[in-house]
Amino acid sequence: MKSRTVAAILLSCLATTAMADGYGDDRAAIENLQGRYVLAMDFNDPDEYAGVFAEDGVLDWAGGEVVGREAIRKFMMDGVYNLSRNAQAAAWPATTRHFITNQVIEVYGDTAKAVTYWFQVNNNAASREAAYGLFGHYEDELARIDGEWLFSRRTIYNEGIQTRARAGMENPAPEKGQY
Amino acid sequence: MKSRTVAAILLSCLATTAMADGYGDDRAAIENLQGRYVLAMDFNDPDEYAGVFAEDGVLDWAGGEVVGREAIRKFMMDGVYNLSRNAQAAAWPATTRHFITNQVIEVYGDTAKAVTYWFQVNNNAASREAAYGLFGHYEDELARIDGEWLFSRRTIYNEGIQTRARAGMENPAPEKGQY
Amino acid sequence: MKSRTVAAILLSCLATTAMADGYGDDRAAIENLQGRYVLAMDFNDPDEYAGVFAEDGVLDWAGGEVVGREAIRKFMMDGVYNLSRNAQAAAWPATTRHFITNQVIEVYGDTAKAVTYWFQVNNNAASREAAYGLFGHYEDELARIDGEWLFSRRTIYNEGIQTRARAGMENPAPEKGQY
């Protein structure tokens, strides 16, 4: 076997490997990021909440745009939607939780777009009975920065708020990426 | 190092690579397909809805079987379950959304079987308050066609419809595939 | 090309491959295990329910700890939470289903930690209307045993039970692992 042949096969092998670790690994990392976002929000963890955004990341929510990781951290510190604020004991401390599902994630090299459905549950009533509340979806832009997927922009749609609803509008699924 | 040894290691390397891009990538592609199905349904996008099925794919729902991509497209065009039909404004346009979770996905080479839970939420009431409605699960057969995972058969079970319920029956989890 | 060079490139190739099949495949296998757990619970399948645990796995639920696969199988046989017990017909057989979302999964070689949200839906009312019930989250420890991911410990938190609630406590997201 000539060195040239060996080199060609090696390159092909490396190329296959590179392709192999494409969509499955990228999607896995992005799903995990989405999960960490929710835990940080529901358990009121400003550092972790800010940490899922890029340094210049943007959070676009019902109150407007919050620009940059430091502003996002402060936004959470200020408790704008401090979901553990209901944690005072009646029967026992209450909580609000967000459940995210239906993740469409499309990867284009080092950027990605995602749509994720969310709905909210709480047991704020003194009885601590579960109550199901708002629902909506996220539309996200993500970037791979130093090998780590982060949100560059998260837009929160909310069917319970007139100005943030997207009912009956066109399919928000992003263009297909690499699988 | 002898050429034969090099070739053997290369083959082993390629084999490992091939195995490596197995379950993670396949599951990721199938999860994404499942997400795109839901968006197409909830946002009433007949082309995308039909496009997640194989050319001869079958949709088995409460109204019976719809056979083939073109028939499935027409089924959505006819608005049989046009979920944006409630989008007319009262307080503001309403919507119905499907949330899918618990995906058991088993891959057997170029075919796969999947079970997915679903439940429905809407804000059709004039108050636009969230209401939680039907729930059930999907049982799917999938095929990899020209490198793309598509539904070859989707069966919709629905605990809110007597003839489509599967309560108390045997575990629908498919036989374990390749991980 | 010298043999040493070839060997070096091959090792690099194999190393890349090994890394490539890391997080995406591991997360996929663990998500699937989580899904199979739920189906086994909701469809009352003691063998499958026990089979997702390691031989010495521990289930830590509202009633205390159940230790070892055989005890866990018996626990399900005894129908402590036999969710198909409501399957007798009124309008038609009823069911209870668990929906799991927001999976944060961190892998550290052959062990992993995971947090997963869950909520419960049933149609036990004679009308068979959907009713949404309890919610909470799982905190899991997992181990890869003979190449298969299994639960070594599953702890069930439940916001509907005073002694199992975790509202307002610190973020349960495990330390970041390998991606």
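Per-chain residue numbering starts at 1, and chain names A, B and C are given in the order in which the chains are listed.
The rule is simple: a residue touches a chain if its C-beta (ideal position, glycine included) is under 8 Å from a C-beta of that chain, and two chains touch if they have at least 3 such contacts.
Note that the coordinates shown come from a computational prediction; the quantities given were computed from them, not determined experimentally.
So chain A and chain C: same face meeting same face, with over half the numbers shared, or different?
Comparing the two copies, chain A and chain C contact each other through largely different residue numbers, since under half are shared.
Can you give the rotation angle that fits chain A onto its twin chain B by Cα atoms, in degrees and rounded to the nearest 5?
120
Counting only Cα atoms for the centres, state how far chain A is from chain C in Å.
21
Would you please write down the residue numbers of chain B that are in contact with two or more other chains?
6, 10, 13, 17, 20-21, 23-25, 27-28, 99, 101, 132 - these are the residues of chain B that touch more than one other chain.
In their complex, what parts of chain A are in touch with chain B?
Answer in residue numbers: 1, 6, 9-10, 13, 16-17, 19-25, 27-28, 99, 101-106, 115, 117, 119, 132-135, 137, 159-160, 162, 165-173, 179.
Inside the complex, what are the residues of chain C that reach chain B?
Result: residues 3, 6-7, 10, 13-14, 17-18, 20-21, 24-29, 31-32, 34-36, 38-40, 43, 45, 48, 84, 86-87, 91-95, 97-101, 121, 123, 128-130, 132, 148 of chain C touch chain B.
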